[in-house]
Amino acid sequence: MKARARKGADRLVRGKKLLRHIHGAGGEAVVAGLGQISPDLARYIVEFAFGDIYSRKGLTLRERQIATVAGLVALGHAQPQLKSHIHGALNVGCRRKEILEIIIQLAVYAGFPAASNAAVSAREVFRERDARGLRN
Amino acid sequence: MKARARKGADRLVRGKKLLRHIHGAGGEAVVAGLGQISPDLARYIVEFAFGDIYSRKGLTLRERQIATVAGLVALGHAQPQLKSHIHGALNVGCRRKEILEIIIQLAVYAGFPAASNAAVSAREVFRERDARGLRN
Amino acid sequence: MKARARKGADRLVRGKKLLRHIHGAGGEAVVAGLGQISPDLARYIVEFAFGDIYSRKGLTLRERQIATVAGLVALGHAQPQLKSHIHGALNVGCRRKEILEIIIQLAVYAGFPAASNAAVSAREVFRERDARGLRN
Amino acid sequence: MKARARKGADRLVRGKKLLRHIHGAGGEAVVAGLGQISPDLARYIVEFAFGDIYSRKGLTLRERQIATVAGLVALGHAQPQLKSHIHGALNVGCRRKEILEIIIQLAVYAGFPAASNAAVSAREVFRERDARGLRN
Amino acid sequence: MKARARKGADRLVRGKKLLRHIHGAGGEAVVAGLGQISPDLARYIVEFAFGDIYSRKGLTLRERQIATVAGLVALGHAQPQLKSHIHGALNVGCRRKEILEIIIQLAVYAGFPAASNAAVSAREVFRERDARGLRN
Amino acid sequence: MKARARKGADRLVRGKKLLRHIHGAGGEAVVAGLGQISPDLARYIVEFAFGDIYSRKGLTLRERQIATVAGLVALGHAQPQLKSHIHGALNVGCRRKEILEIIIQLAVYAGFPAASNAAVSAREVFRERDARGLRN
C-alpha cells in the first residue's frame, strides 16, 4: 500500500511539477477547475499527460510545445487547450512571433479557418500576458 | 517593378528548391504525380506551401517539420502526407526517435488511435529509408 | 393523400413522443427553436433521428444515449448537442457519474481536449439540473 | 397497413429513382453491398438521403452534388463516398474540370492534404470512367 | 518578365477586389482584424485564397460559395468563417433558402449536429442582414 | 526501486489482463506489433487505456465498449481501432446486431459516410469471426 502510495505519488508529483513549470498558476487553476468536475480526469492529465509524457526525454519542452500547439491548431475544436498551450509555449521559451509562425505553417495543412481561429486565440493569450506585464 | 518581376518566378523557383531540400526526389515525385491530376494544385503546393510558407524565417526547418508532423498526426486522415513529412523531418535533421516522441506527445491531444496509426506510418517510412540504406 | 398523411404522421408522432420522453420540454424547445430557422431540418430530426432511429429495437434507450454521448464527445465540435444528449441520457436513467465515465473513457480515443471540453459541458448540464431541483 | 406500405414505398421508390438517376448502376451496387451488411442502413440512405433530401427543390442536382463533393473533401475520412459522389456529380452534368475546381477551392478551407487526397480519388474516378468509355 | 512583373502586385490587387466583391465591407473588416494579429496570414488569405483561387475560372462565384459553405458546414469547427461565407454566398446571388438547402443537404454527410449548428449561424447572418436592411 | 517496480507492474499487469479479457490474442498481437515500433506507446496503451481507464468502475465493460465503438465511428479516421474494438465489444457480450445498431445510431450524429465505412469494418470483423468459428 505504502509502496503504491509512494509510486502513485511519483507520477503525480512529477506531473504537478511540470504542469507548474510549463503552465504556471494559470495551468494549475485550469486543472483545479477541471478537478471540481472530475477529480480523476484532472489527475490523469497530471499523471499521464505531464507525469508520463511531458517528462519524457527525446524532445525539448520547447519542441513539445511546438508539437502540441500545432496539433491543437489542426484539431480545430480545442481553443481552450490551444490558448493554455500557447501560454505554455511562451512560458518555456517560444516567442510570440514563433507561435504565429506555427499557426501560419498549419494553414497549409489544416486550412485557413483553423489558422485564423488559432490566431484569434493567440491574440487573446498575448493580451492576457500584456495585462500581466509579461514581455513574452 | 523589376523586383516584383523576379518575384513571380521566385516563388516557384524558391518553392521547388525547398521541396527538393526537404523532401528530396521522393517529394518531387509526389508533386509530379499530383501534377498529372491537377497541374494547378501541384503548383500551388510548390508556390504557396513551399515558396511562401516554408521559406519564411522565424522557425527552423526542423521546427517547421515538427509542427507539420504534429498537425498531420492530429488530422488523422492524412497518412500519405504524414509519411511524406516524416521523410521530410528526417531529411532536415530530426531523428527517428524524435518522430516517435512527437507521435507519443500527440496521443494526449488527438487520442491513441491517431497516434497508433501515425506510428504505423512512421514504421513504413523507416523501412523505406532502411531499404534505401539511409541511417536516419 | 389521407394514407400518406397518416403515415407521415406516424413517424412524426412517434418521433415527437420519443423526443419528449428522452429530452423533455428542454429538447422540444431546442427543436422548436431550430424549426424557426428551418422547419424541414427540425422535422427531419424528429421524423428520422427520433421517429426512425431512436425508436428502433436492439439497444435500450440508455445504451443509445451512451453511444450518442460518446460519439458527440469524439466529434468535439458539437457542444450544444452534447449538452442536450447528456440531459437526455440522465433523463433515461444514466447517472451523472456514468456521464463522466463515458467522457473519461473517450479521453483515450479522442484525446484530453475533447474530454475536458465535454466535462465542462457536463458540469453546465449538472448545474442546470440542480437549478431545476433534479436529483439526477 | 396497405396505406403505410404505399407511403413507405413512396419515399423508397422516389429515393431508388434518384439514386439510379444520380449514381447509376454503380451507386445501386454500392447500396446493395451495404444492404448485405445492414439492410436498414441501406434503406435509410435510399429513403432519407435520396427520397427525402435529394428530392427537395431549392437547389439543382448539379448544385447538390457540388455541395456534397465539397463537404466530403472537407470531411477527409470519406474517400469511398467522395468517389461515389464525384461519379454522381459527373452523371448529373458536372465536368471533370469542375470537380478539380471544387477540390482546389477546398484546399483553402480544409488544407492541402484533404485536397490532395481528394484529387487522387478524382483521378481514380476519371480512370474508371475512361475504362467505361465515358467522355465526362 | 514584364507580365510577371505585373503579377506580383496583381495577386494582391485582384484578391482585394474579389474580397470586396464577395464579402463587402464586412469581409474587409474581418481580414483587417486578422491583419492586426498577423499581417502575413491576412495577406496570404487575400493573395492566395482570393487572388489565386477565387479568381480562377471553371466555376461561377455562386458555385464556389456553395462549395465553400458546404465545406465549412462539414468542418464543424469554423463557425466564424461559415458566417462570413454565408454572407459572401448571399452577396453573390445565393438566396437564403438556398443556404438552408446546402445545410440540410450536409446533414446527410456530416451529421445533424454540424447541420444544426450551421443553421444557427445562418440565422445570425440573416438577422445581421435584416438589421442592415438587406432583402437577401 | 522494488516498490516502484511492483507498482509499475500493477497497472501493467492489470492492463494486460484486461487487454486479454476484452481483445483476446488478437488484441495482444496488435499491441505487440505496435510495441515493435514504439515499446513506450504500446506500454501506455496497456497501462493507461486498459490499466487505468478500462479497469474503472461505474460502467460495465459492455457499456465501455458501446461508448468506444460509438466514439470510433464518429472519429471516422480510426478504422483499425474500430475493428479491434468491435471484436472487443463482441468478446464482452455485445451481439453483432447491437454493433450495427450503434453504427446506425451514429449515422444521425456523424453522418452516413462515417456509418457506412463503419459498417464495412463491422462486416470484415464478422467475417474474421466466422472464419474462426465464433458464433458471436
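A few remarks follow.
Think of it as A, B, C, D, E and F in the order they're written, each chain with its own count starting at 1.
As a convention for this text, contacts are C-beta pairs under 8 Å (C-beta built on N, C-alpha and C of every residue); 3 or more make two chains touch, one makes a residue touch a chain.
These figures come from a predicted structure and were not determined experimentally.
If you take chain B and chain C together, the chains in touch with both are A, D, E, F.
With every chain reduced to the mean of its CA atoms, the largest distance from chain B is reached by C.
By the residue-number overlap criterion, the interface of chain A with chain C counts as different, with under half of its numbers used by both chains. When the interfaces C-F and B-F are ranked by how many C-beta pairs touch across them, C-F comes first.
A separation of 24 Å divides the Cα centre of chain D from that of chain E.
In this assembly, the C-alpha centroid of chain A lies 41 Å from the C-alpha centroid of chain D. Among the residues of chain F, those touching two or more other chains are numbered 40, 44, 48-49, 56, 72, 75-78, 81, 100, 104, 107-114. If each chain is drawn as a node and touching chains are joined, the picture has every node linked to every other.
Chain E contributes residues 75-77, 100, 103-104, 107, 111-117, 119-120, 122-123 to its touches with chain C in the complex. Here chain B touches chain D in the complex through residues 34, 36-38, 40-41, 44-45, 49, 72, 75-78, 80-81, going by the rule given at the top. Contact residues on chain B toward chain E in their complex (touch as defined above): 1-9, 40, 44, 48, 52-53, 56.
Against chain E, the residues of chain D that register as touching in their complex are 48-49, 53, 56, 58-59, 63-64, 66-75, 78, 81, 97-98, 100-102, 104-110.
Chain D meets chain A in the complex at residues 107-114.
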